[in-house]
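So, here come the structures, one by one.
Next come two complexes, and both contain subunit A; in the first it sits with subunit B, in the second with subunit C.
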Partner chain A sequence: MKRLALSAGVLWGAVTVAFIALHLAPGKVVDLIIGNSPGVTPAVRQQIIKDYGLDRPLLVQYVSYLEHVLRGDLGHSYRLQIPVSRAIGDALPATLALTFTAIGLALIFALVVAVLTAHRRPWLRGLFSTAETIGVSIPTFWFGILLLTVFSFTLHLAPAAGGLVLPAIALAVAPAGMLTQVLRDGLENALDEPFIVTARSRGLGDFAVRLRHGLRHALLPAITLTGWLIGLTLGSAVVVEQVFSRPGLGQLALGAVTGKDMPVVMGVVLVVALVYVIASTVVDLLYRVVDPRLRTEAPS
Partner chain B sequence: MRTPPGALLVPLLLAVAACGSTTASSTATGAKPVDGGTLTYAVNTEPTTCLDPHQSPADVAGLFTRPALDSLVALAADGTIHPWLATSWTVSKDLQTYTFTLRTDVRFSDGTAFDANAVKANLDHIAAPATKSQLAVGVLGPYTGTTVVNDHTAEVHFARPYSAFLAGLATAYFGIESPASLKQPEATLCSTKVIGSGPFIIDSYGVGQGISFHRNPAYHWGPQTAAHTGPAHLEKLTIKLVQEDSVRLGGLESGQFDAIASVPPVSVATVKANPQLNVLTRQAPGGNYNYYPNTTRGPFADVRVRKAFRDGIDFKTIIDRLYFGVFQPAKGALSPATTGYDHTVETQWSYNQAEANQLLDQAGYTTKDAAGYRTRNGQRLTVTWNFFKAGAREQRDTLATQIQAAAKQIGIDVEFGATGTVGQFLAAFVKGDYDLADTSWQREDADSLRTLFATGSIPTPAKFGINVARYSNPEVDAWLEQALAVTDPAAKAALYAKVQQRVNDDAIVFPVYVFNYVLGEQRKVHGIGWEPQAYPLFYDAWLAK
Partner chain C sequence: MRSLRIGFWLGVLVLAVLVVAAIVPGALAPHSPDAADPLLTLARPSARFLFGTDQNGRDVFSRVVFGVRRSLLTGVGASALALLGGTVLGVLATQGGRLADEVVTRLLDVQMAIPGMTLALLVIAVTGTGTGSVVVAVAVITIPGYARIVRGQILQIRRSGYVEAAVALGQRPSTITIRHVVPNALGPVLVLATIGVGAAIGAGSSLSFLGLGGQGGAPEWGAMLAGSRDYFAVAWWAAVFPGLAITITVLAVTVVGRHLQKRIEGRQ
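After this line comes the complex of A and B, so read on.
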C-alpha cells in the first residue's frame, strides 16, 4: 500500500513537473503546443486554446490536465497529426522489446561471468574486468556500427535495418559491464563471509556454495542497479534506434524535441516515469524474494 | 548523430531534398525486362508530419506516394508535357482556362472510377484552406476552380494567365487520389495509406517504418513518358528509412538493399569502383543551393560589396574539394537542369580576388583592424548569416565554415546569427534580420525565379516567401509576370534569361552548388527512371534474375 502511494506520488510529481515546465517555458503555451507544425490556421489555434482551456486560470488548467492524464488522454500532436497516446502506443512496444532484451542479455552475461570469475586466477579475473570496463566506456553509436559491419555487412547474419538481436547487444554492453562488476564484487565479499566457510565445511561443492549462498547476497545491489539501468537503457535506446533504423520511443522523442512538439515530449516524460516506477516496484518485490530478512517485516 | 527529418520540415528548408537531369537512367537497358521480385530502396529522409502530398510540407512525400499516384500529365526530361490520366488538353488564348479530356478506363485501387469529378475533388482539395497545403498550393497559382463539363472533361480556371500550370500538374504533389479517400479528415489522410490509381498499391506505412507497396495487376494507364505499358515489373516495392549514411552504404554493399538514396559524396568513388554496384546521378532543377545577400540593409545594400563577396571567394575550389565533384559549382540562380536555364550566366562572373579587393576599396572599406578585417569609418565590415545549423545537410555547415574562412581573406567578417532553433531562425528570416542567408528551391521550371526574386515573394511575418535577398525590381517583376502569360517556349525562355542575367549583374545571388540526387544501386537493378524533381521512379524498374 505504501509502495503504491509512493508510486502514485512519483507519477504525480512527473505530471506536475511537466506541466510547470510547459508553463514556465518562454513564449505562449499555445505556440509550444503547436510547435513547428506548419500551416496551423488562426481558427485551429483558437480551437487549441479552447481544447486545452488555455483561457482559464492556471489552477483550473492544472486540475483539468491531471484529469486528462488520468483518463489516458495525453493531448494531440499537431506535428504528427495524431493523438499523443497513439504516437506513444505505436512506438513503445518496439522500445520496450529492445530495452528488456538488452537488460535480459546483460543479466545473463553478468550472472555467468561473475559466478565463473569471482576469486578466480588473477589473469582470468583481470581479463574479464578489463573487458567490462571497456564495455562500460565504449560509445554505443560506434559499437553499433561495428556490430553492423561485422555481423550484417560482412557475415550477413543480421539485417542492416530493423532486427532485434544486434541492437539489443549494442544496448546491453554498458549495463552488462556495470552489472558484472557489481555482482562480482558482491560475490567476492560474500565468499569471504564466515557463513561460506560453514557451508563449505558441510561438504558443499564450490559451485553450489557460489550459487546457493554467495549469489543470494551479491544479488541485492545488482537488483537495485538493474532498476536504475532500465532507465539508462531507455535513454541509450535513442542512439541505438537511430543506428539500427528501428522505429521507437527514442526516435519519437528525438523528433518531438527537435520539432518542439511539447505534447509528445510531455507524454514521453510521463511514460518513462511510469516505466521507472514499475521497475522500482518490481525491484522492491524481488528484494523480498531474495532476502528473507525483509519478509519478517509486517506486510504493509 | 544527424538531425531527424522532422526537424527540417519548415517550408524554407523543404526545397532542399529533391534533385534534376543530367545522367543515365538506370543501368543500360537493352535486356528484356523480367517481371517479379521485391525491390528494397533505403532512403535517408521521410515525410515525418504528413504522407498526403497535397498537404505535406515535405517534398519527400512525393517520393513516398508517387508509386501509388498518377497525375493528369507527365513531364519529360526535355520539358515537354505528355498525356497520362488526361489523353489531351487545350489551353485558352488568355491562358486562364485549361480543358482536359480524361481516360475512361481508369480505376482507383479502392474500386471507384476515375472521372472529371475526381479531378475537381483533387484540385479543390489542394486549394481548400482546411487542407493547409504547404507545397502543392503554391504551384496551383491563381486557381479559381474546376468545372465538370461531363464525366470525362474537366475545365480548370485561373484568375490570371498561368502558363506554369502543366509542369506543376505533372508532379506527385498533384497526384490524383481517390475522391472517397479525400473525404477523410485531413489528419487521417496524413497518417494513413494514400489511395490512388498508380502502378503500386500501398501495403503499410508508418512514421519511421518506411512504406511498402505491391503492384496493381490491373494497371494499364501509365504515362506516355514511361518505357513500357501495363502493370509494373516489380511484384513488390519497399522503401526503408535508414538515416545513417554508413548503414545505408553497408546495406547496399552487402546486397541487403537493391538501391539507396543519397550516397555520401565521399563514398561515390568507392561505390563506382565496386563491380556489383552502380551510381546514378540526376541534377535537381529549380533554384540551386545558393547564398543570398540581404539587399535592403547593411554592407550588402551596396552592389560592390555583393560582387566582392561573390567574386572574391573561390567557391569552385571549395566545393570541388568538399563534394569530390559530385555536386557541381553553380554559376547562376538556376540549375542547368531547369527548363529555361540560360547558359549566358556561366560567363557572367568568375573568381577574381584582386578585383574583389578593389571593389571593397571603392566601397570605402579601405582600412583594416587588428584582426585583419576591413573597416570603414572605424566600423568593421561584418555580415550576419542567418544559418540554421541543425537543419544543415550535405555538409552545408562545413561548407559555411570554409566560406567564412575564405571571406576573411578579403577582409569580410562573417558572423553566424543566433539562430539555433527553428523558431529563432524563422523569426529572423521573416523579419529580414540578417545580411546573408542560404536556401535552395527545387521546381521543375524557370518559374521558380518568381519565387526567388519577385517582390511578392519577400518573406514577412504576415506572409511567407522565399525571396531571401529581399530583392525588389519592378523591371524583373514585369518580366516574371509576362513569362506567365506567354506560351511560346522561346519567348518564355527569353524573359527568364533576362531575369537570370539581371540577378547575376546585380549580384543578387551568390551561386553555390547544383544539387544532384545520387542513387546507388545493384547492377541487377534496371529501369529506374526520374521524376521532374529528380526523385527516382519505379514503374519501369525491374530486377535481373
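After this line comes the complex of A and C, so read on.
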C-alpha cells in the first residue's frame, strides 16, 4: 500500500514538473502548445485557449491538466496533427524493445563476466575492470557510430538502419560496465563469507559455489541498479535512435524539442516516468523472490 | 596497485595536455580550425592532416584541439552549477525543518523517475537550444546526486563530537552550519564533482550531437560527430577522432577522480 502511494506520488510529481516546465518556458503558453506548426487558424487558437482554460487562473489550469492526464488525455500535437497519446503509442514499442534488449544483453554479460572473474587472478580481473571503466566512459552515441562504421559500412553485416542488434549493443555497453562492477563486488564479498567455506567443505565444486551460494547474495544490489538502469537506458535511447536513424520515443521527443511541440515533450516525460515506476515496482517484487527473508517482514 | 598508479599518472598527463590545449590551442594545432579547403574535403589522415579533413576540408586534428576548451568549460561549468544547486538543496533539506526535508526528498524521488536524457530534453525545451542551455541541462540532471550526498553528510556531521562541542559553547545554529557543518560536508562532494566533470563532458557532447548545443560551426566534439554523420561510410576518421577525444577525456577525469576519492577515503 505504502509502495503504491509512493509511486502515485512520484507520478503526480512528474505531472507537476511537466506543467511547471510548460509555464516556465518563454513565450505564450498557447504558442508552445501549437508548436512550430503552420496553418493553425485564429479560430483554432481561440479553441485551444478555451480547451486548456488558458484564460483562467493557474491553479484551475493545473487541476484541469491533472484531470486530463488521469483520463489518459495527454493533449494534441498540432505539429503532427494527432493526439499525443497516439504519437507516443506508435513510438513506444520500438523504444521499449530496444531498451529491454539492451538491458538483457547487459545482464547476461555482467552475470557471465562477474561469475568468471570474481576473485580470479589479478591480471584477468584487472583486464576486465579496465574494460568496464572504459565501457562506462565511452559515449553511447560514439560507440554506436563505431559499430555502424565497422559492421554496416565496412563489413556489410548489418543493415545501416532499422536493425535491433547493433543499437542494442551500443546501448548495453554502459549498463553492462556498471552491472559487472556491482555484481563482482557483491560476489567477492559473498565469497568471503563463512557459509562459503561450509559449502566448499561439503565438497561442492567452485563453480557450483559461485552460482548457488555466492550469486544470490550478489544479486540484490544488482537488481536495484537494474531498475534504475531501465530508466536511464530508456532516456539514452534517444541518442542511439538518432545514430541509427531508428524511429522511436527518442526521435519523437527530439523532434518535439526542436519543433517547440510542448505537449509531446510533456507526454514523453510522463510516459518515461510511468515506465520507471513500473520497473521499480517489479524490482521490489523481485527482491522478495531472491531474498526470502524480506517476505516474512510485516506487510506494509 | 602499481598499474593503478600508472593509470593515475597517465590520467594526470592527459589532463595537463588538455588544459594546455584549452588555454593556448594555437600552440598545438597546426592549422586554423575554420580554414576550409574545398579541394581537400574528406582527405585521409596524413603527415599534413594528422586526423584527416572533414566534409568542408577543415583539419580534424585542429578542430579537435580547438574543441577542448568548449568541452572542458561545459563539464566544469555544469559540475560547478550542480554542486552549488545540490549544496543549497542539501542544506535546505537538513536545516529547513521537516517540511522542507520532505519536499526536497520527494523532489529528488521525482527526478529519479525522469532519467537524465529525458530531463535534459525537457530543460532544453524550456530554455531553448544553445551552449548555455546544454550546461544548465547537464547541471539539472546531476544536481540530485550532489543533494543526496550533502544531505547525508550533514546529517552525519551533526552527530559528531565537534558540532556537539560548538553547541555546548553556545554558538548560534546558523554559525555552526556555515562554519562547521558545510565545510566538512563539502570534501566528499568535491571529489564527486571531480569525477562528475567527466560524466558532464559526456552528457554535454551527447546533447551537442543531437543538435541542441550551440549553432554556427564552432569546433565542438559532439557537433563534429553530428556533422560527420552523413560521411561515416566514406570517412571513418571524421567520426573516430572526435569521439576518441571525448572518451579519453572522460576516462582521464574518471581515473584521476577515483584515485583522489580512494586516497581521501583511506585517510578517513
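Just so we're on the same page, the second predicted complex is superposed on the first by the 299 of 300 C-alpha atoms of A that agree within 3 Å, B and C clash if a C-alpha of one lies under 4 Å from a C-alpha of the other, contacts with A are read in each partner's own complex, and residues count from 1 in each chain.
Here is the rule we go by: a residue touches a chain if its C-beta (ideal position, glycine included) is under 8 Å from a C-beta of that chain, and two chains touch if they have at least 3 such contacts.
All values reported here derive from a predicted model rather than from experimental measurement.
Engineer: Using the touch definition from the top, say if A:A199 reaches subunit B (first), subunit C (second), both or neither.
Structural biologist: Neither partner.
Engineer: Does subunit B (first) or subunit C (second) touch A:Q242, or do both, or does neither?
Structural biologist: In the superposition, A:Q242 contacts both subunit B and subunit C.
Engineer: First (subunit B), second (subunit C), both or neither: which does A:A273 touch?
Structural biologist: It touches subunit C, and subunit B stays clear.
Engineer: Which of the two partners, first being subunit B and second being subunit C, lies in contact with A:V29: first, second, both, or neither?
Structural biologist: It touches nothing on subunit B or subunit C.
Engineer: Go through the superposed model and pick first if A:V165 touches only subunit B, second if only subunit C, both, or neither.
Structural biologist: Neither subunit B nor subunit C is touched by A:V165.
Engineer: Quick check on the superposed pair: does A:G255 touch subunit B, subunit C, both, or neither? Answer first, second, both or neither.
Structural biologist: first
Engineer: Counting only touches as set out at the top, which of subunit B and subunit C does A:L148 meet: first, second, both, neither?
Structural biologist: Touch status of A:L148: both partners.
Engineer: Quick one: is A:A97 in contact with subunit B, with subunit C, with both, or with neither? Answer first, second, both or neither.
Structural biologist: After superposition on chain A, A:A97 lies in contact with neither partner.
Engineer: As a test of reading the superposition: which chain, subunit B or subunit C, is in touch with more residues of subunit A?
Structural biologist: Looking at subunit B versus subunit C, the one contacting more residues of subunit A is C.
Engineer: So in the superposed three-chain picture, is A:V283 touching just subunit B, just subunit C, both, or none of them (first/second/both/neither)?
Structural biologist: After superposing on A, A:V283 lies clear of both subunit B and subunit C.
Engineer: Going by the contact definition given at the top, which residues of subunit A touch subunit B in one complex and subunit C in the other?
Structural biologist: In the superposed arrangement, which is not itself an observed complex, subunit A uses residues 141, 145, 148-149, 153-154, 239, 242-243, 254, 256, 258, 260 for both subunit B and subunit C.
Engineer: Under the stated contact criterion, what part of subunit A meets subunit B in this complex?
Structural biologist: Going through subunit A, the ones touching subunit B are 27, 36-41, 79-82, 90-91, 141, 145, 148-149, 152-154, 156, 159-161, 239, 242-245, 247-248, 251-252, 254-256, 258-260.
Engineer: Looking at the complex, which residues from subunit A come into contact with subunit C?
Structural biologist: Per the touch definition, subunit A meets subunit C at residues 6, 9-11, 13-14, 16-18, 21, 24-26, 126, 133-134, 136-142, 145-146, 148-149, 153-154, 228, 231-236, 238-239, 242-243, 250, 253-254, 256-258, 260, 262, 265-266, 268-269, 272-273, 276-277.
Engineer: For a test of understanding, state which residues of subunit C touch subunit A in their complex under the given definition.
Structural biologist: Where subunit C meets subunit A, its residues are 3, 106-107, 109-110, 112-119, 121-126, 128-129, 198, 202, 205-206, 209-212, 222, 225, 229, 232-233, 236, 239-240, 243, 246-247, 250-251, 254-255.
Engineer: How about subunit B: which of its residues touch subunit A in the complex?
Structural biologist: 1, 3-4, 6-7, 9-11, 42, 48-50, 55, 57, 129, 132-134, 186-187, 190-191, 206-209, 240-244, 246-247, 250-251, 253-257, 390, 421-423
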